[in-house]
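Note that chain A is present in both complexes that follow, paired respectively with chain B and with chain C.
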Partner chain A sequence: MSGRAMLEVTSLAKSYQSRNGTTDAIADVSFRVASGEFVCVVGPSGCGKTTLLKCLAGLLSPTAGEVQLNGEPVRRPPPNMAFVFQDYSNSMLPWLRVENNITFPLRHKGVSADRRAALAEETLRVVGLGEFARHYPWQLSGGMQQRVAIARALAYEPEILLMDEPFASVDAQTRSDLEDLLLDVWARYGVTTVFVTHDIDESVYLADRVFVLNDRPSTVQMEVPVELPRPRDQITTKELTEFTKLRTEVMRTIKHARRSRSDEERMGQA
Partner chain B sequence: MAKVARDGRDTNPWPGTSFWVGLVGVLLVMTALELVARFELLPSRWFPPVTVVLGAVADLLPTGDLWSEIGRTLWGWGVGLAVAAVLAIPLGMLVGSVEAIYRALRVVIEFLRPIPSVALLPAAVLIFGIGSSMKVFLVAFASFWPILFQAIYGVQDISPGVKETARAYGLGPVSRFMRVILPSTLPYVATGLRISSAIALILAVTSELVVGAPGLGQAIAAAHTAAQIPTMYAFIAVTGTLGWLLNTAFQAAEARALHWHPAQREKAVV
Partner chain C sequence: MTRRGLLLALEIAVPLILLAMYAAWAGAKESFYFPPLDGIGERFVELWLSDRFVQDALPSLRRLAIGYVLLVVLGVSIGLVLGAFRLVQQAVQPFAEFLRALPAVALIPFGMLVFGVGDTMKIFIIVIGAIWPVLLNTIDGVRGVDPEMLEMARAYNVGRWGRIREIVVPAALPRVVTGMRTSLSIAIILMVVSEMVASRNGLGYFVLESQRRFAISDMWAGIVLLGIIGYVANFLFVRAERSVLRWHRESKGPAR
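And now, the complex of A and B:
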């Protein structure tokens, strides 16, 4: 890990209380993310990835453990952190034009009107939607709306970007376009990124390091450093033997994690 | 650049049905009514031909009487509706947001709502006399419920994704209310206002007609008593026209302010 630790997660645990009792989503998760790093968190569906990300964002408070950003404990959404949700259509305010969807979080941050307009213009151009500033989000396709969400996150000028399965609801072609767009943007802005996905190929393709979570209640099963050369390419990177090796390693870890957990359960019942 | 998708359906099953077709319908019905009277299918003494009624309207137009009666009815309508809106919008939003209040008040609301406002007329006369405060009370009582229910539905129907986005971008409770909750609830409230506007006119005219509060209803009753049958129908026609104009105005305002809402999208697309 190069650079200083920007985000530090220490023994994080999260349980939910409901009528049916307590659900343990996260058992014990610790990791550090260096400044400028691109980290993917991958794990089977329902393993508590989203819960983990919401704890990092200060949207949920952990049951135990701590999240620190630049040495400060995170208790509410920090002003230098931006979030991109999976459900793009529900994260847009339908009564605001695309440009205002990008700038609405900036006003209360104290950004001047001129600067807000400049940021909207710049970030929309970066995501290739320069001519759609005056459209409404519901006039755009799903992939375009998710690009608006990325533009909004960039305009917030965050030091760290959290993304919750942002490309899970778009078609395969759009998905690989968005992956490359994200890598471009990440290289250009140098923003530390934590990207949650259930897609193993996606995690290896994007990340500097991949954290593999196991089934609920989650722990970090394995940390996989990805030393594939950048800039990455959908064809040539994925052709590399190293890429195939890494994705197999991650896949085996996930499979093994599931098997050992079900073994444990069987032992527990016996 | 990707194709722009429009998330709106054409709900008019007969595209091209225009103003002119509507006008033909109106003329046909008026001709039928004219013939009914001319051929004495209904006694023309009590049901004068349309042309005679239109003549009576023309006679009324230059006199100040007609306009002051319209003014009195509109005053009761407007003040009653405004009182209802001022009470029902905040209360509905509160009831819809706080589950404990919703549970506490639901029974009371379900009990009060089905009371036909006209049934309160004798009580209103006892308490407020026969003047305009009685009219305003009845109008306000009747208009209150649709606005209240729409405000409750509206505030409960805000997408959790939108609320979470606002939180993730650090908007505090006041900003979230002003920039997310209020704009999301507005389409519902606008529909409530349009429904209530029609109910308010009915109650205003009823209280004038039955109790004799000044306004169009009283003018109808006075013309009836004086056996000025064409004048009576002229006032009825004016009242109907007023209701139609108010509804049209509310619909137009709704479509303009809420063009972004799924129910309005196909009508006003950029």
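And now, the complex of A and C:
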């Protein structure tokens, strides 16, 4: 881990009260993310990844433990943090043009009109949608809408970027394009990134470090440092033996976590 | 001819044909109840291009306009509050359901008692009777706002007021507008009824009064004017709706 710790998660736990009683989503999660680092959180579906990310974002308050950003406890969404949601269609405002979707958070942040326009223009160009500023989101494909969401996050000029399975609902080709776009943007802006996914290949391909969560209630099952060379490439990086080794390692951990869990359940029933 | 052109031609031709048929039928029949078309037309022009317009049509339109604006403002504001705060909504729901189920015209005697037979009573009846579609649709609209949109705004530090103004209101707008349109037709009905029951002027009064004077052509001229008012109001409404809610129509359309 290089650089100072920007984000520090200490013994975070989260349970929900629902009609069926209490659900424990996160049991005990601790980790640190250094400034400028790209971290992936990977785990089986429904393991509480999104809950974890929303706790980091200050959208949910943890039941126990603490999240600190630059040494300050996070109690509500911090102004230097941006969030990219999984569901692009519902995180875009259909009555606003693409450029206004990007500047919407900026207006509330108190950014001047000139600066807002400049940021929208720049970030749209960076995500390759320069000529779509005057379109409406619903005129764009899913992959393009998610690019707009990335542009919106970048225009917010965050120090830290949280992404919740942002590429889960686009097709495979678009997905690898978006992964490369994200790596470019990350390198260019040097923004600390926490990226949640259930896709093991994606996590290894993108990250400096991968945290493997186990089934809910989640704990960090394993931390995998990824020392693959950058810039990464969909073909040459994925051909490396090191890549294969890492993804096998992560996959085995997840499988093991699931198996030990179902063993426990069987024991419980017996 | 394009399909669009054909449809437009039909839209214009069918009413004209119906009018011509009425003219032929009523002209030959010389019925007391169905006066000839040219007679109605004549009275229509004489009445509504003269003082009678100021005397009867304008008061009606004024009541309608004031009542409608009032009910939209009230309905949307109350609806926003009720939609946003579940507890308040739960508390007032039975009372609101009761008021809604009550035929507004049943309140006319009460209105006369409290407000007299002037404009206030009629506006009261229009508001209390026609507010419901706006109110209930606003509540539904607010409820239906996508939680993800609100969460996105929260993640970007947009305050509560900003979220209401810039997400809840525009997202609920299509429903609100649907309610406004229904309310408009109810408001017109209530305007006419309240003027028939207790009034010294207005189109409702005029229609009833003409019938009592056996001025059947006048009665028809009044009815036709009411029809035109309803038609034009709805037409303007649809026009405005189309431009304001372009995003809504198209985002749900095949373009996606």
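Everything that follows uses one rule, which is that the second predicted complex is superposed on the first by the 267 of 270 C-alpha atoms of A that agree within 3 Å, B and C clash if a C-alpha of one lies under 4 Å from a C-alpha of the other, contacts with A are read in each partner's own complex, and residues count from 1 in each chain.
Here, a contact is a pair of C-beta atoms (placed from the backbone, for glycine too) under 8 Å apart; a residue touches a chain by one contact, two chains touch by 3 or more.
Not measured: the values here are computed from a predicted model.
Aligning the two structures on chain A places chain B and chain C in a clash.
By the touch criterion defined above, A:95 reaches both chain B and chain C. Contacts of A:144 after superposition on the shared chain: chain B is touched, whereas chain C is not. In the superposition on chain A, A:57 makes contact with both chain B and chain C.
Contacts of A:245 after superposition: neither chain B nor chain C is touched. Of the two partner chains placed by the overlay, only chain B lies in contact with A:135; chain C stays clear of it. Counting the residues of chain A that each partner touches, chain B and chain C differ, and the larger count belongs to B.
Overlap of the chain B and chain C contact sets on chain A: residues 57, 59, 76-79, 82-83, 85, 87, 90-91, 93-95, 104-105, 108-109, 136, 138-139, 156.
Residues of chain A touching chain B in their complex: 57, 59, 76-79, 82-83, 85, 87, 89-95, 104-105, 108-109, 128, 131-132, 134-136, 138-141, 143-144, 156. Contact residues of chain B toward chain A in the complex are 1-7, 159-162, 164-172, 175, 179-180, 183, 258, 260-262, 265, 269-270. Across the complex, chain A is touched by residues 146, 148-149, 151-159, 162, 166-167, 170-171, 173, 247-248, 250-251, 255-256 of chain C. Chain A contributes residues 57, 59, 76-79, 81-83, 85, 87, 90-91, 93-95, 104-105, 108-109, 136, 138-139, 156 to its touches with chain C in the complex.
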